[in-house]
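Both complexes shown next keep chain A, but they swap its partner, so chain B is in the first and chain C is in the second.
On to the complex of A and B.
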């Protein structure tokens, strides 16, 4: 891509436009990062450290919005709160006032994406709080901190690496998104990339616009790494006693309950409910949808296995090749549309080599490769964390007993990390179900996925029809999200 | 560990199955018998019925990849000499022109196409041809706007409509084609002035699709909206009672360009230069241009037939009595990059 940026004709895109796109992208990323950080942390702290009605339900249910693709949320909110939509058309004469906000704005997009991406922070923070040491909290309380101050002064700083990881994921997803912001009429750098590439047919300009996005990804990963550097000290004094759970008094319990419910409501129930309601008017082509659902699930399974296998190999080799592991993670923040363009280069080599190019096997192989490239960061994160539980001493013990590096990996490191491998697999599975740009451009003949069908309907401005495939994605991803969420709940040693 | 082995085993089986199917697919494509590989940027459910009919009539199986036009173009270029693509369809002349610029099409001389489709809707060299028409016109609030106030594109940019116009962003290829047509007719300077006038007249920053613009007129956000014809016709005859009610008040007007008629874009296609199934591709293109197919598409997707001899079926017929500008579609298609630059200069998001 860098090569492409430096060569070829450049498109006539005004510098002013590029600055505007870049500013929009930056503000959007900042807003989503801040909002998800606050919402996700508070939700995780409430659920882990307090007792209130519905806590056990919320503990895993708060992750559920992960099942809904961001573009589906955008369709739902864009339509529901449209100036000329049913809701506001009814409100104005009936209630005599209009809603003071617009979904199709920068702040609207920040709201929608925060609803979609807060679970990344929530899951990371919940895992961190569950695994935190009681000692630090007790020390804080002994020193006179209230529960809330203990949260601010002790728990949050200790959970900093998890916060950085969760927010980095949310921000990278934001930068990578195209479908949702496009639908909400927010023009980000990705818009510029697509414009340069399509209307002006200039790959060079597209690549130039894409470089800042890659730069942002590098920066995010650096911040995330830097934040994690303190981790080694923290686990030193871990004691696996049950966490001190505070029962909340009635009023506060109600507030906590309301807070958690509104996250779930705006992240999943309201948008999916609205999609369902508007989709009821049309009867979908169930055979085609079932076909597409089969394709989606098969691709997601294959993508999960291959990506996790590669991530494991990378994580094991990371000690020797730290740069490689960082580099492959870049795919995650690469905007989908840019990724699609970038993927065509390696795809071209394969297509040109194989007879009957775009044959089924080649197409599927390329897709799985694309998913691995795109989602490596999401898989590498948990795999890395899991493997790091195997201390150097454990590995050396195995080597002393006569096992080679490969046998050590197989017999010692992988079994210890198997839980996190499964976590990584689930994350990739869920993401592939929702994946759009790579699937659109690389899939073989007569092979639609649910996301592709939803996007095609939305492009044709047939939102009720787009609702069914979107809801099916949610339906298929839900079990995986529940599984993932429960795995984390049981991650505290001594609780299983 | 057990779970992982199960997933691994499933994936292995799936990949094996994939390879198995892949091998047979490859052979079929290589033989080139009874197949045609269609890359289409049109994705309408009703097109599937047409594909089925083509297969039933000719025995030729259609392999399909749907996608966005420029991604399909990029894919065909990447596939290079071994590209299986036979026919490329798009719902905008600009995309077809870009595919031609990339050297993807071969010229096709077909009696059937020449007879069915007027010359201005075909690329002069025969590289691509339209088979359906879509007009980019105006939906207006009949309670606040008189029809003669919107009978030309110029009037939309006049001070009469300051703060009263709803229109999509410049990401919309249909806007690019419309401005391209104005550049072709008026020259760049006057077209830029027009675009400046539209930006000054915008009731809100561009957002949403064409339907959203029409709904915004009904909601009182603006008085006129620039839209493609079929969106309006679809709303007027669709399942949604609210949309039908809207079209009682919001009417359709066909503004004229220099008194010669409304700007018309096409759905069309071209045969790829390296098409392995060239004859089948030509046959499929001719099939799309046949009177029956045009009627079918018109009835389902509400575009206008391209052939003057094919009467539009209901509900399109009620709106089909308009004059279309005779400009060659190839002429405005080539102006899209220029149009994008103008829109960028005048601040049309």
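On to the complex of A and C.
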């Protein structure tokens, strides 16, 4: 991809445009990063450390917006708050004022993406708070901190690595997003990449646009790694006691409940409800939809299986290849569009070298490869965590009991990590279901997934029709998200 | 007289170096079947390294290890752990959390058919008093039970040798004695060569048939616990096995003189270091004149600090009455005294 960018003799995109796109991407990433950091941390702190009505439900339900692709939220909000939409047309004469915001702007996009991506921060922070040692909090309290001061002075600093990791995820997803910003008419580097490829058919200029993204990816990965290096933040060996949960008085409880509910409402209920409402007006093309759903699910399953298998192999060999693991996380930070553009050149070579092979098989293969490359790091993390439950000594014990390295992996390491392998698979499954730009670029001709159909309808301004495939994605991803979220909710060590 | 069988595992001049440290410095040790060898040394002295080298988890840099009549380790050659028939019980036990007690014990028995495997497992569980916990998960067991599961698991394959890394260190006082009892009888029934690593001298002497003392990667001395205790080959070896008073003595004409008494000395005239075990000094009506400087109640004994000619020593006084501070007399038991040349 770098090669394509530098060798492009036809630089049909002005440097000015690249700078403009880059500035938009940067501002958007900054806004989304800040908003998700605040919303996600507060939600996690409320849910972990306080008791209020609905808390047990919110604990896992707050992650549900992960099931909704960002572009679905963009369609819903873009339509709902459209300047010429029903809501505003009714409001202006009836209430005598207009809403003071506009969705198809940078701030509108920041709102939509924050709604879609806050769960990354929420999940990371909740895990951090759940796993924190009570002693640090108690020490803070005995040193004169109120509960809230203890949060600010002890819990937050201790959770800083988790915050950095969660925000890095949200920012990576923001930079990688194509469907939502494209619909909201915000020009970012990623929309530029896809447009350069699809409209100007210029891989070179697409690659030029992708270079700053790749740079940002390296930077983000570095930040995330640096955050992860703070192992000393974990208080190993301390006793696990139940966290001190504070019951909130009525007024505060209502506020907490309202806060959590708004996140869920704006992240999932309102946009999906609105999409459903407007989609009910049209009857969907069921055959096409079922076809695309089949494609989406098979791709997601294939992606999950391949990615988890590779991640497991990598994790088992990680001790010998530390560099490989680092390179792999670069894949996660790399936006799907960039990944796809980067794969186009090798794809052409494969095509030429294997004239007999069906273009379909090569296309699907490339697509699954792109998913695996992009989501490898996301899968590697839970797989690694799962395998690290097998201590070196357990593996050695198996060796001294007569099993070779392969048998040890099969009999000890994989069974112990079984649960986390499933987790990793589900993470990949959900992400592939929602993936748009890479699929758009790499899919074989006439091979539609739900996301591709939704995007095509939306491009044609047929929003009610776009609602159906979007909702179907939510419907398919929701059980996986519920399972994941509930599993994390029960993850406080020592209470299992 | 027992006939000296060839050792089950013969460690000869094994050296193992890590960057910056020499973990094992030409260590030689023979493990014989049916005997329990205790390897005693302070933490970081290379005990665990020796276990890992013998188990085949690490290569040797020089020297060799033989077992069951074949070569197991030599420079550039290591039979992998699964091929050595040597069991290893880790300090953290490393039980498999996804398997029940019975499945853990059966883990190494995949070559037996099902009935034989079941028979072997129940025999081992019975021997280690675990039959009632066969279907329990490891994390639901007590520390002592986990300990026994780990040992039963390692013994299931009837290894030629079994290595145990600090097997009793995680257990509390009362439990320790009890677990040790069960474990030792189970181990003796196995007829394997046993190597137990520990840093607790009392435990080592109680448990061992043969004792090996290690410090800074070197084997200082090996022999029976009694021999090692009473005739330590060096000051370092003497200190490993328990408290010792070190007093400067003066050798004259085959007698070593110290403020606390004299013993015969088989060394030339001149200064020497006299090592006196605390139990080698006894307060008495007559003997060397000393001053009792300090008395501390220690449960079964009183720890008494005595002073003579500006030299202090510590002894353990047992008996009904509490020694008073002030002038006293003591006698020295020559069996508990050793001399080392300066």
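Please note the rule applied: the second predicted complex is superposed on the first by the 426 of 496 C-alpha atoms of A that agree within 3 Å, B and C clash if a C-alpha of one lies under 4 Å from a C-alpha of the other, contacts with A are read in each partner's own complex, and residues count from 1 in each chain.
As a working rule, a contact is a pair of C-beta atoms (placed from the backbone, for glycine too) under 8 Å apart; a residue touches a chain by one contact, two chains touch by 3 or more.
Predicted model, so just to flag it, every value in this text is computed and none were measured.
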item	value
Which partner reaches more residues of chain A (counting touched residues only), chain B or chain C	B
Partner chain(s) touched by A:290 [first = chain B, second = chain C, both, neither]	neither
Which of chain B and chain C A:399 touches, first, second, both or neither	second
Contacts of A:441 with chain B and chain C, given as first, second, both or neither	first
Partner chain in contact with A:415 - chain B first, chain C second, else both or neither	both
First, second, both or neither for A:391, with chain B first and chain C second	second
Overlap of chain C and chain B interfaces on chain A (superposed complexes)	415, 418
Residues of chain C defined as touching chain A within the complex	55-57, 80-82, 84, 86-88, 90, 92, 94-98, 107-108, 110-111, 153-154, 156-157
Touching residues (chain side chain B, partner chain A) in the complex	1, 3-4, 7-8, 10-11, 14-15, 18-19, 21-23, 25-27, 29-30, 37, 43-45, 63-71, 74-75, 78-84, 94, 98, 101-102, 169, 171, 173, 176, 205-212, 215-216, 218-219, 221, 231, 239-240, 242, 336-337, 340-341, 344-345, 349
Complex contact set, residues of chain A against chain B	11-14, 17, 78, 82-86, 88-89, 104, 182, 184-185, 187, 191, 194-195, 197-201, 281-282, 285, 298, 301-302, 304-306, 340-341, 344-345, 347-348, 351-352, 354-362, 364, 415, 418, 421-422, 425, 440-446, 448, 452, 456, 459-461, 464-465
Residue numbers on chain A that touch chain C, as the complex places them	389, 391, 393-394, 396-404, 411-412, 415-416, 418
